[in-house]
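Here come two complexes built around subunit A, the first alongside subunit B, the second alongside subunit C.
Then we have the complex of A and B:
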C-alpha cells in the first residue's frame, strides 16, 4: 500500500527525469563550457554569458521575443470576438465552428509555408488583395522592418483558433439564468459582456493566457520555415538563434547555445512559477 | 445565451448574420484556399501567369498522384506514422499509471511530483536540446525513429500526467474505497475499476497527442536528418527543394502532409475538443 504509488510512478518518473529534468541541469552546466559537441569541452566560466551581452544578434532575438509575446496576446481578444460571433444556433453552425477551428490542427510548418506563399510578391494573393484598396505591392518577408510582424500574423492564425475554441466551450457553460436576470435589469452589449459574461469566462481566459504565452516563447517552426531567421537575421527569436548557434552551418557552438537556452528558460520560468503558484493555491483550496 | 440568439431578433439581422457567416469563413481560410486552388492547377497556369483564374485544366489528380509516385513523400508519411503511433501508446500508458498514482493515493511528495510533471511540460525545448541530442547520439539512436519516439514519450508524459491526474481526481472516490474494503489488490483496482472509467480521457489524450507529435518539427530536425527516419514535417522541406518553384506540386505536398491530423480532428472532434478545453470550464 505504501509502495504502490511509487511502483505506478516509477516508469513515468524515470523517463521524465532522464529526458526532461536532468537535461535542464546539464544545459546550465554546458553553458559554462566552450564545446563543439564532439571534442573536449573547455571550462570558461561565465564567458558565454559575457559574450551574449555584446552580441547584437542576441538583442535582436530578445527584442523579437518581446514583440511575439505582446502581439501574440492579441489572439485572446480575437478568439473571444470570433467565439461571440459563432455562439449562435443557426443551421450548420457546428460545421462553421469546426472549419474556423481547424487551422489549429494543421502543423505550423504547413501554416508557415501557406503564409509564405500568401505573402510572396510574385505568386501570393496578398498583393493583388491590398491592391484592390489602393495599397502598393509589399514584400513582407523580404523587409527587415516587416518580416517579424508577417510571421507573427501567420502564427496568430492557429492561435486565434485555439483561443476561440476555449471561449466557445466557456460560453457554453455560462449560466443562462444569470444572463436572463441581467437582461431583465437592462444590461446588454458591452456592459453585459464586461460585468456578467467575462467574469464567468475567467477559467477560459486563464488557460488562453497560459497557452498563448508559452506558444509565443516557443515560436520556432514558422521562423525556420518562412525565413530561416532572415533577412539578415532580423526575424530571429531566442529559440531560433539558439538552434542556429548550436546546430547549423554557422558552427556547433553548444556552450554558447546552451547559454541562450538558459536565458530563454529563465524568462519562461517566470510564467511557469506563476502557473504553479496559482495551481498550488487551488489545490490547497480543495 | 450570450450574445442574444439571432432567432430572437429581426429578420433583417438574421439574414445579415447568415450571409456574413460564409463570407467570414472564406476570409478566414483565404490563404489555405489559395493553396488548395494551386494544388489542382496544371504547371502551365503558373508559367502563363493565370494565377487566380479557375484552373485551365483540372490537374488535381495528376498533381496529387505525383506527390506519391515522384517523391519520397510516402516514406516520410510512413515515418510519421511509425513515430506518432508508438508515442501515443507509450505516453498514454505511462500517464495512466502516473495519473492513477497521483490521483488516488495521498502520500508525502505527491504534489511536488505532480508539479515536476507540470513544470517540465512547459519548459522551452531549447534548454533540453543539447543534452537530449547528446544522449540520443550516445545511445546510438541518432537519426532513428526510436530515438525520437523515446524522447516524445518522455516529454508528453508531463502533459498527459496533468490531464490524467485531474481526470482521476474527478472520479467518485467511493468506488475505489469500496473495492479496497472488499480486499481487491491495488493493481486490480487500477486495471478493473479505474482504467475502464478512464476511457474518455484516454480517447481525448490519444487524439491530442497524435496531433502534437505528427506536427512536431523541432525535434525532428534535431534528432533525425535523412529520409530513413525523418517525419513528414521535416521531409516537406526536402520535398520543396525537389520541386523548387513548382507551386502546384509544393501546394499538393503541403496539403498531403497536413491532412492526417485534420482527418483525425474531424473524425474525433468531440474527444479532441474535450481534451483541448479541459479546465476551460469550472
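Then we have the complex of A and C:
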C-alpha cells in the first residue's frame, strides 16, 4: 500500500471524522439521555424515542418534511424549462440569464424576509395583487393550512434558479450532431426533448435531484425567518423542531432534540444510501 | 444612604474575607454583559457604568451590549465558558435552569443587608430554593392602553368590571372598529392575555399554582378562564390575522384607530409617542375585575442583573450590584428607561403612565406575577403560549389544546 495518497487524504479524513462522523455518534449517544445542556445528564434509555411517538408536533414536522420533499422537486422541471427557454442566441441573453439566476445569489434569510413582507396581510403586495383578480384577502403565513406552502413557494424561487443553472451548463454539453441527426429523422417538440435532450442531461438531472432533496430536508432558515415554526407550530419541520426543543429560547431538552436529529438522519440515510449505491454502480459501469 | 451601602459592602468584604485591606478600593477588570441594545436601556446602562466608574477610578469596566433576543440563547455559552462578572437576565422561573446548573452566584448575602428591605417587593421573584440569585434594577406594569379620544367620541369610560368591558367592546365593534389589537406571531402577547384572564378569574394563588405545574390543565377552573377569553374571541374583539404580526406590527391598528386598546407592558408607550399619539389621546387602565372579590394581581416583569459563578471579579461585581440596587441609581436609571424603580426609596419619574403604573402596583393587593414565560417552566411556557395562540384562532380546539398541555405538564413532573 502506498503512503502518499493516504497522506494527502489525511487532513480531509480527519476533519470529516471530527465534524461529521463523530457528531453522528454523539447525537445517538445524547439521545439516550435527559440533559438540559447545562447540568448533569441522566441515562434514560429509549424514552426520548418513545415520547417522540406520542408527540403530535413530531408528526406535524414529519408530515411537513414530506410536503417540502415532494413540492421542492418541482424546482427541477421548472428549472429545466427556464433553462430551455434561455438556451438561445439572442442579444443580451447573458443579462437575462443572470437576472434569472439572481434569486440564488441572495441569502435565504433575505428571500424569507422579502416573502414575509410580500405575504403580510396588512402591508404586503400579495393581497392587492390577487384582489385585482377578485380573490379575497389571504393570510398565508398566519393560517395553519397554507403556511407551509407559502414558505415552500418562497424556497422554490432560489431553488428553481439553481436547477436552471445546472441545466444551462448541461445544455452546453448536448451534442449538436445528435440533435441534427434526430431532426433529420423527424423528431421535434416533446419527442425531441424526451428521447434526445433529456437522456443527455442525465448527469445534470441527477445533481439537481441531489441538491434539491438535500435542500428540502435541511430547510430551516426560511422557516426560522418567516414564521418561527408558527402559527402554533404548524410550519415546523424536523430540523426546526430539533432546534426548538433543544437550542431555542425555551428549549432545554438536548436528549429529545438529539432523538429528532437521529430520526432525521435515518430518513436522510435512506436517500444517501440510494445515492451512494448509484454512484458505485455508475463508476463500475465506467 | 450612601453610608449604608458602603458599610454593608465593607462588612461583606470582611465577612467573606475577600482580598485587599478593608476591600474599599476596587481594582482589576469588571466585565458586564448587558442584554439590551435599544436606545433607552443602552443609555441607562451606560450611565450606570459611568457613575460607578467615577466612584471606583481604579476599576476597569468593560461593558458589552448584547441584543435582547440573542442573549436568550447566548447566555448558555457565556455562562459556561468565559463568563463575565455581571450579566443581564430575568427574574422568576427563567433563572431556574442556570440556578440548577450552578451557573448563577448565590447573592443572598446582599439581600440580607439593608438592600433586602429596600427591594423587598421583588424578593420572592429573585428567590429560588430559599436563596436569592440576582438583583433587580427595573420593572414595568402591564395593563390596557387605550385611545382616550375614541372612548370620548363613543362616550365610553374605562371598564372596571368584566360586564362593562364586554359592553364597551360591543359598542366599539358597533362603531366599526376592533376592541383590541394584538400580534401573536411571537406568542408571548397571547401569554399576557392568559395571565390577566386567569389572574382575574381565579386569583394570584391559583395562577401561581398552575404555572408551578401543581394544577392540571384540564381542571374546570382553567376552562372557566378560557370560557371568559372565548367571549371576546366570539365577539370578534381581536384584530384579524394577528398570527402574522409581531407586537410592533400590531401597533398601527391602534395608531390609526382601527383598534381601540392594547393589553401590553409600559414599553408600548414610547413607540406610540414616536408614532404621533399624544398623551391626551392615550389612556391606561387596570385590567378589569372578572370574578368579584378576587384581589387584583398584576403582571410586572422584573429586569435583573446576576453574577455568574465563574466570574473573575466577584468582589467588584457585588459592589456593582449594590450600586445598581441603590435608590439614587434606580431613580436615575428608571427615569431614562421610562420604567419603575424597585427600590422603595427611589423616585418615580414624573410621567402619566409611569405614575399610573406605580399607583396600580403599589396597591396590587393580589400579588405581582412576572409573566407567563417567566413564571412557568421553560417547556411549559413554550407549549402553553403556543396553545393560547391556537385557541385564539381556533377556540373549538380547546379540548385538544388542554389535553396536550396536560401531557406536557405530566411529562415535566415525571422528569
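As a convention for this text, the second predicted complex is superposed on the first by the 283 of 286 C-alpha atoms of A that agree within 3 Å, B and C clash if a C-alpha of one lies under 4 Å from a C-alpha of the other, contacts with A are read in each partner's own complex, and residues count from 1 in each chain.
Following the convention adopted for this analysis, a contact is a pair of C-beta atoms (placed from the backbone, for glycine too) under 8 Å apart; a residue touches a chain by one contact, two chains touch by 3 or more.
Quick caveat: nothing in here was measured; it's all calculated off a predicted structure.
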item	value
Touched partner set for A:121, first subunit B, second subunit C, both or neither	second
Partner chain(s) touched by A:155 [first = subunit B, second = subunit C, both, neither]	neither
Which of subunit B and subunit C A:262 touches, first, second, both or neither	first
Which of subunit B and subunit C A:79 touches, first, second, both or neither	neither
First, second, both or neither for A:247, with subunit B first and subunit C second	both
Partner chain in contact with A:37 - subunit B first, subunit C second, else both or neither	both
Subunit C versus subunit B, contacts on subunit A by residue	B
Partner chain in contact with A:8 - subunit B first, subunit C second, else both or neither	first
Touching both subunit B and subunit C, residues of subunit A	37, 247
Parts of subunit B lying in touch with subunit A, wherever the complex brings them together	1-7, 14, 17-18, 21, 24-25, 28-32, 34-35, 38, 46, 51-52, 94-95, 97-98, 100-102, 104-105, 107, 110-111, 113, 115-120, 122-135, 150-151, 153-155, 157-158, 161, 186-187, 190, 211, 214-215, 217-218, 221-222, 233, 236-237, 240, 247, 250-251, 254-255, 257-258, 261-262, 264-266, 269, 273, 276-277, 279-282
Residues of subunit C touching subunit A in the complex	69, 72-73, 76, 79-80, 97-98, 100-103, 184-187, 240-245, 249, 252, 373, 378-379, 381-382, 386-387, 389-390, 393, 404, 407, 411, 415
Subunit B-facing residues of subunit A, complex	1-2, 4-6, 8-9, 11-13, 15-16, 18-24, 26-27, 30, 37, 84-85, 87-90, 93, 96, 98-103, 105-110, 113-115, 117-118, 123-125, 128, 157, 162, 165-166, 169-174, 176, 179, 188, 192-193, 196-197, 203-204, 207, 214, 217-218, 220-221, 224-225, 238-239, 242-243, 246-247, 254, 257-258, 260-262, 264-265, 268, 271-272, 275-276, 279-280, 283
Subunit A residues touching subunit C - in the complex, by the definition given at the top	34, 36-39, 51, 54, 56, 119-122, 139, 141-144, 227-228, 230-233, 244, 247-253
